[in-house]
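Quick heads-up: structures coming right below.
Both complexes shown next keep chain A, but they swap its partner, so chain B is in the first and chain C is in the second.
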Partner chain A sequence: MTLETLTFAATASSPRVRSDAEAGLLELAGESYPENSFEFFQPILAWVEDFLARDDRPLGVELRLTYLNTSSIKCMMDLLDAMEEAHLSGRAVSVTWFYDPENDRALDLAEEFREDLSLPFRIVPMPSEG
Partner chain B sequence: MGDLDQIRRYLASEGILMSFNGPFRHSIIEELGKAVRRHLEAEAVRKSAMADVFTVFIEAAQNVAAYAAQGHWTGPERAQAETGVLVIGRRGDRYLVRCGNYVRSQDTPGLLARLDALAGMAPADLKALYKERLHAEVPPGALGAGLGLIRMARTASAPLSYSVAAEDAGLEFFSLTVTV
Partner chain C sequence: MATTEGNPRFRLTRAGDLPARTLPYRDPEAAGLRSRLEELRADPANRDNPLLPELERLGDAHLRLLRRLVKITRISDGFQGQLKALNEVLQQASRTDSLTGIPNRRAMMEDLRAELVRTVREGGALAVLMADVDRFKAVNDTYGHETGDRVLVTLAHALRDALRGYDVCARWGGEEFLVLLPGTCRPGALEVAEKLRKAASAITVPAAGAHVAVGLSVGLAVLEKGESMDSLIRRADGAMYLAKRQGGNRVEG
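On to the complex of A and B.
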C-alpha cells in the first residue's frame, strides 16, 4: 500500500499542505490558527508517523509558516518530537524553517522549537511578501 | 444609542484603533484577524509589534470561542457566552489589546487563580512552564493546549491586567488587558 498524498489548499487560518512520499518531503506554508488545530494537524502527524514507520528513507520537512497559534505550536511540537525520536534511532530527518527576517518574533519562535531538538534544523530567512 | 459622533470622539480620545462587540465565531475571528493586520499595516506599525498584537488578539479571541463551544451552556446562555468585546488601542508607543466575555461564576475562581499565578512569574519561569505544557499530553477533547494565557503573559511588556464584574444569573463579565 502506498502512502496517501496530502494536498490541502491554504485558507485564511490554515496553511497549504503538500506531502510527497516519493521525494520524502512534507511542506506547510501559510497561516496556522485553525478553529480546531488538533483536528487539522491529525492527518499530517499521521502521515509523518506512517512515513517514518514504513522504510528507512530520509524525511525533509519545509515550513513557511507566517503565524502559529498556541494549539498549532503544540501540534507542530508533537510532529517534531516524532521526527526527533526517529532521528535518535538513526533515521535521516531534517527540518528547514523559513521565517520573515523583518519580524523578530518569527525568529524567536523558530529558535524555541530548535532548542528542544537535536535533529538537523535549519532556520532560513525568506524574502518578505511586502 | 448615543450620538455617533460622540462615540467616535470617545474612541479617538481613548486611542482606540479598532473595536468589536459581537459573537466570537471562527469565521469572524478570521475576518477580524485580517482587519487587525491591515489596520496595523496602514498605521506603519513595526512588524514585531504587529505580530505581538496579532498573537494576543488570536489567543484571546480563540479562548472566548473555545470556552463558548464547551457543552455546558443552555441555548440563550450560549449566545451570551459567544459574545465578546475586543478593543485594540495605542497608548504612547505601546499597544493595548483588551478582550472581555461572559464566564460562568463557578469558572471564575479557577481562571483568576491561573492568572494570579502567571502574574507572579518571572520571564524564565513563564518560559519553563510554557515548555513543560508544550511537551505534555493534551487531555482528550481539549480544544486548546492550555498555552494561550501563558503565551499572552510572555508576549506582554507589562503584567496582564484582569478583573471580573458580577452579572445576573450566575454569570460574570471577565475583562483582560494585555499591553504589548
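On to the complex of A and C.
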C-alpha cells in the first residue's frame, strides 16, 4: 500500500503543504497560525511517522516558514523530534530551513529550531524573487 | 552527576546542565523535590529501591519539558518581535506619502483632528493653509509626468524646510498640500503663507534643457469658534481658488 500524498493549498493562516512519498520529500511553505494548530499539523506528523515506519528510504523536509504562532512552533518541534529520533536510529533524514535574508531575525529563529538537534539541518537563505 | 540512561536523544539531565538563559523563571517546588531525590539516592538504604530510577526519569522528563517550554516561548517572542517591527514599518508607511516622503492625507486628518480638539480644549489659535501648484497640468503635459513628480518632490521638501518645527505639511492630493499651523493667528499664518509661496517660487527643476519653475496659490483659514474640521478645510480651499482666480502665485484668505 502506498502512502497517501498530502497537498494542502496555502490559506491566509496556514502554509502550503506537499508530501511526496516517492521522492521522500515533505514541504511546508508560508505562514502558520491556524485556529487549531494541533488539528492542522496532526496529518502532517502522521504522514512523517508513517513514512518513517514503512521503509528505509531517506526523508527530506523543506521548510519555508515565515511566521509561526506559538502552537505551530510546538507542532513543528514535535515534527522535528520525530525526525531526530529517526536520525538517531540510523535513518537518513534531513531538514532544510529556508529563511528570508532580508529579515534580520529570521536566521536567529532558524538557529533556535536547530539547537539541540543532531540531524542534518541546513539553514539557507531563500532566493529573493525579483 | 549521572546522565540519563533512558532516552539518549536528550542530553540534559540536571538543572546544572541547563544553560542559565533557558531558565528565566523559578520553580522552587521542583528544585526542592530534586534535592530531596538526591538525598534519597545518596542513602545506602535506598540502593535497591525500584522507585528511585523511575523518579529520576520523571525528574528528567520535567526538566526537558521546562526546557521545551522556554524554547517555545523564546521562538514565539522572536516571531512576535518580527510582527511588532513590521507593524511599525506599516504604521509609518500608512502615514507617509510614497512619492514625496512627507505626511499623507490620512496623517494630516489625524493630526488636524487632534490639534483641533486640543485648540478647543485649551483655547488658542489654529490656522491651515491649502496650497496648490499653479498650472501643474502644463508641466506634466510639456515635460512629462516624471518631471512633474520631481517638481512635487522638490516642492514638498522646500515647503517642509520653510516651516517651523511644530507646523505640519502634508500632501493632500495630486498637486495640493495642506499645512497645519498650530497656535497661529492670522498675522502669523499670513507670514508663513507668504514664506511658503516665496520658497516655491525659488525652486527650479531641470528638465529637457529647461528649468521648470512653478507658482503656488495659497488659501488661508483661521479656525473660528465652534467651527468643524471640514468647514475649516473648505474655507482654506475656497481661499486657494480665489488666489487662483486672481492669477495664481499669491495668498488669499
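Going forward, the second predicted complex is superposed on the first by the 127 of 130 C-alpha atoms of A that agree within 3 Å, B and C clash if a C-alpha of one lies under 4 Å from a C-alpha of the other, contacts with A are read in each partner's own complex, and residues count from 1 in each chain.
We take it that a residue touches a chain if its C-beta (ideal position, glycine included) is under 8 Å from a C-beta of that chain, and two chains touch if they have at least 3 such contacts.
Computed from a prediction, not measured in an experiment: that's the story for all the values here.
With both complexes brought onto chain A, simultaneous placement of chain B and chain C is prevented by a clash. Contacts of A:Ala12 after superposition on the shared chain: chain B is touched, whereas chain C is not.
In the overlay built on the shared chain, the residue A:Leu88 is in contact with chain C alone; chain B does not reach it. Look at A:Leu45: by the touch rule set out above, it reaches neither chain B nor chain C.
In the superposition on chain A, A:Met126 makes contact with neither chain B nor chain C. Once the two complexes are overlaid on the shared chain, A:Glu102 sits against chain B while remaining clear of chain C. After overlaying the two complexes on the shared chain, residue contacts for A:Leu25 are found with neither chain B nor chain C. Superposed model on chain A: among 8-16, 26-34, 62-70 or 134-142, the stretch of chain C in collision with chain B is 62-70, the rest showing no clash.
When both complexes are aligned on chain A by C-alpha atoms, chain A residues 67, 69-70, 73-74, 77, 81, 103, 105-106, 116 touch chain B in the first and chain C in the second. Every residue of chain B that touches chain A in the complex is listed here, in rising order: 26, 29-31, 33-34, 47-48, 50-52, 54-55, 58-59, 62, 65, 131, 133-135, 138, 142-145, 147-148, 150-151. Against chain C, in their complex, chain A makes its touches with residues 67-70, 73-74, 77, 81, 84-85, 88, 103, 105-106, 108-109, 112-113, 115-116.
Against chain A, the residues of chain C that register as touching in their complex are 8-9, 11, 68, 71-76, 78-79, 81-83, 85. Remark: chain A residues 11-13, 33, 35-36, 38, 67, 69-71, 73-74, 77, 81, 100, 102-106, 116 touch chain B in the complex.
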